[in-house]
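Letters are used for the chains, namely A, B, C, D and E, taken in the order the chains are written, and counting of residues starts over at 1 for each.
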Amino acid sequence: MKNLDTKTSINWLKYASPKTFYPLAGKLIPWCVIGAVGLIVYGLYIGLFVAPTDFQQGEGYRIIFVHVPAAWFSMFLYLLMAMYAGLGLVLNARLSYMMATAIAPTGAMFTLVALVTGSLWGKPMWGAWWVWDARLTSELILLFLYIGYFSLQAAIDDKNRADKASAVLALVGAINVPIIYFSVKWWNTLHQGASVSLMKAPAMATVMLKGMLVMAIGFWLYSIAVILIRVRCEILERDSKAAMFNLGL
Amino acid sequence: MGFLASNHVLIADNLVGVRGERLLFEKLNFELSNGTVLYLQGANGTGKTTLLRTICGLSKPYAGVVNWCGEDINSLAEEYFKHVLYIGHLPGIKEDLTALENLKFSLALSGKAISANQATEVLNMLGLAKGLNLPTRMLSQGQKRRVALARLWLQELPLWVLDEPFTALDVNATSLLKQKIEAFANEGGIIVMTTHQEVTLNVPKFEQLRLDA
Amino acid sequence: MPKTKLTQELGTFSVLYRILARDIKVALRRQSDVTAVFFFFIIAASLFPLGSGADPKLLSAMAPSVLWVTALLSCMLSLSRMYSSDYADGTLEQIMLSNQPTVLIVLMKILAHWVLSGLPLVFVAPLIGLQFNLSSAELQILAVSLLMGTLALSLIGSIGAALTLGIRGTGVLIAILVLPLYIPVLVFGAGAVNAASIGMSPNGALSLLGAVLAMALVFAPLASAAALKIALE
Amino acid sequence: MPKTKLTQELGTFSVLYRILARDIKVALRRQSDVTAVFFFFIIAASLFPLGSGADPKLLSAMAPSVLWVTALLSCMLSLSRMYSSDYADGTLEQIMLSNQPTVLIVLMKILAHWVLSGLPLVFVAPLIGLQFNLSSAELQILAVSLLMGTLALSLIGSIGAALTLGIRGTGVLIAILVLPLYIPVLVFGAGAVNAASIGMSPNGALSLLGAVLAMALVFAPLASAAALKIALE
Amino acid sequence: MGFLASNHVLIADNLVGVRGERLLFEKLNFELSNGTVLYLQGANGTGKTTLLRTICGLSKPYAGVVNWCGEDINSLAEEYFKHVLYIGHLPGIKEDLTALENLKFSLALSGKAISANQATEVLNMLGLAKGLNLPTRMLSQGQKRRVALARLWLQELPLWVLDEPFTALDVNATSLLKQKIEAFANEGGIIVMTTHQEVTLNVPKFEQLRLDA
């Protein structure tokens, strides 16, 4: 029985798959950035100049081209984050946790964008910045879920534990998303009505749909770029810390 | 003691221990059979507590496997806990309950019932006769430790994992505990322990493992 | 050293019973714990009339949301106690090393929490409701919705309590983690009372509340057990 | 072993400054502590509309009491943190053994608590007020009343925090001790906003609030210091 | 060391200690002058901690008086605290702060400022070099104790009250502490301490006091 502890430094990049991921991500990022900028500019062009003025809502409705894709991504990114968190727990894969951690800020940002654009739009449409309608409320809860995720991660300074604990929270929150979503039926729904009447104008629908889709793909590419950048930073930070400790600093 | 009659083996297989981002021990291997005391040594912060918690399944090793009687403790899960008694830095007693209540609850957790008489006898033997009806909050540091240690006399489990068990004990209690450890090993129990005090134990197999920074 | 067996084996059920009984015993021993949630509810609910002047119409319109939110906050306040003392004194390590499934043990601890902090509210809330001029139909629905709702709150709250274990300044952090998850319970619980107060059937809201409770019963102990394991690592 | 003096003497002021700075530093280090009170306020205030359906008239009538009660509860939730961690790790013993007057040290700890948990509310509350459709005059008075009120809440709360030190399940017990003492603050604070909302002058309520604050400034540190001494005995 | 040059006397005058309803010690008298180490002995629960806390003014004695240089410590109040350094069962460090920050804050509490260099030097000497930038929560049991004890090297106070200072320390740290205690007493400091470990201290005056149940 012998302690073979010779203190050869752990190669962190070898233990977690980040090693291969890091350069790959580096190559992807520039393409995503270019695509994102191009599509968002094109989408805004369609939204601001190509789409005709709405005869009911005037020019204000153009905010829809930011609002709707942002709202979609706020929810989509949460589910994605929960998925990565779950994978992390099952496979105990560091990279998965890092992905989840990196997605959260972008998701929260889109949530905030949807909320802000929504209430900017709400003032002329409903005469109030905010109403307690199911759609709006569910979006607000989503923001709180993101905030909870950050807060928990910030409060635990053992990285390993922070990863796992916040992953559990993300998963639990994901169960909650559909519950909140279906509560729409049981509530006063100012938001739905407005959107439906808008979508009835048939001439506009195709242009609008095109604009929103272009914006959505642009947001998607943007998200990928930002998330990859964040993961790369995270890998570097964790790696340099590991190196620092092994040098006995 | 019937529960010590069969053969038990605890094997550490290439254990790697990491806390935070720091490597504590690497490629640790050992095999402990009936009657062995493994005495962990090492300066403060070298990973003794971490290793003990890994052995009893509270922490997962960064790499490597702990085996109990040929099976990975991870897959044994609760089955493994039927065999391990762990006493760590923290006493694991409720300050609002009396020594007796605490002892009975500890035993219940491992699925054992015990008569009040028998429990009282052990507590008296440990010099706690006077404090039996006090909430343990009112006991001194050393008395609390004695309450926590009382389980060693009653919980019939074949593997003990003890983190600095002599802390805060006076001379008298120290010698009682030492005798108990020796008796247990002589009957075939396995013990993994650490302490910064000098110990000489009269046991069948005494192995030392030094963790170093 | 006697060679006979010192102890008798206990079945799973007896072990679980002892865990429940111990938690309740510890809480009763420091009576303050039990009475505290109770009084917090009463005092906090009484703050609202103080803050809003004494318009009886406004009061009874506010009542469902105020009573439900207050009940929710009182349950939440006592959450940090759920595992923290067991964690601080090392009992939790011993609990995890028990030979019983952790999920069941966790369920017992949640039940104990509910018996000590949720259940009492079911009995006082109607009394406070009287002060807000609620009708007897509303009071009844209030009690029923709280009976199901507080159990769901204890279950969901347990996840937050387990996740924040060993973190300083836990009280507020738990609140942030748990409040968004509490929202469906609040919406359906208060919704049932609101429905009753405008003369509609509260059954829809109540059955949704039941669905939330069922989900929580299945998932919350699992998630809490996982979180506890992580906390102890 | 050097025979020269290793250390320099510090004046009372520098010692006090260091105590304040340390508390803030500890809190900032775990950012969650600072952000937490803040978010609790936001989330809890948003619960009320959820419980009450979406009638905008009812909401703006509820707003002053809801916002003030929520602010009060958020300050209260963070109270248990005020001394407990210093107590648990033995720092408090060392603080009592400091050569500076305990009352001044206590005052510093209270100030730190206010800066970290009361002051931020003064800035968010008006934003939340917007969600409840409050007018700008009401929002202004809300901010002013919270500025004075939260300091009073920290001062008074400190007494409760000190009295309950070392008692498990503190959160709820503090609440019970402190809520009755908070009532004057609430009544005058929310009263000022209510006055503004019906177009009356809020000055009367505000000056009463000022009087409560002055009293608290004088007595609360004394009482807290005494309570701390007792807790440590 | 200038602060040890003048004469100090600590006198216990008919001290009676009671915890709960239990008499722990009665009519305790002693007088300690410069260079004395008073070593409290006694089994677990005999009142050592209680006596130490009474000496440094944290607990009030049931009867009797503690005198510092001729004055009752009760009437001296904060003035007395300028002379006492107490290290109890609890480490008295903030787990969120680093070792360095903790040390600087402890010193600030007794009205002293110190340069980061000097503090770092002491911490390094105590073997904490690796953990200087970690929150102390991440330190091991023994490392936490070392951080708490670092004050002994920097806080220039003439009376030390130490409750089981050797707990959790490894051999290396134990000998460092022993040397420091000896140096302090030799220069004229007064120490009251307890420990369950054997100690032999090479000091001008070594007195033992046994509390018994």
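Some points to look at:
One rule holds in what follows: contacts are C-beta pairs under 8 Å (C-beta built on N, C-alpha and C of every residue); 3 or more make two chains touch, one makes a residue touch a chain.
Note that the coordinates shown come from a computational prediction; the quantities given were computed from them, not determined experimentally.
Common neighbours of subunit A and subunit C under the contact rule above are B, D.
Looking at which two chains touch through the most C-beta pairs, you get C-D. Here the CA centre of subunit B is 35 Å from the CA centre of subunit C.
Averaging Cα coordinates per chain places subunit C and subunit E 45 Å apart. The centroid of the Cα atoms in subunit A and the matching centroid in subunit E are 54 Å apart.
The geometric centre of subunit C is 26 Å away from that of subunit D, both derived from CA atoms.
Under the contact definition stated at the top, the residues of subunit A that touch 2 or more other chains are 137, 144, 147, 151-152, 155, 157-158, 160, 187, 245.
Contacts with at least two other chains are made by residues 95-96, 130, 135, 138 of subunit E. Residues of subunit D in contact with at least two other chains: 30, 32, 36, 39, 43, 49-50, 53, 85, 168. Touching subunit A in their complex are the following residues of subunit C: 159, 163-164, 167, 169, 173, 176-177, 179-181, 183-184, 187-188, 191, 204-205, 208, 212, 215, 219, 223, 226-227, 230-231, 233. For subunit E in complex with subunit D, the touching residues are 1-2, 56-60, 78-79, 81-82, 84, 86, 88, 90-97, 101, 105-114, 118, 135, 148, 154-156, 183. Only residues 128-133, 137, 140, 144, 147, 151-152, 154-155, 157, 187-188, 190 of subunit A touch subunit D when the two sit together in their complex. Here subunit D touches subunit E in the complex through residues 1, 3, 5-10, 14-15, 18-19, 22, 25-26, 29-30, 85-86, 88-91, 93-102, 232-233, going by the rule given at the top. Looking at the complex, you find that subunit A touches subunit C at residues 89, 137, 141, 144-145, 147-148, 151-152, 155-156, 160-161, 164-165, 168-169, 171-173, 175-176, 179-180, 183, 186-187.
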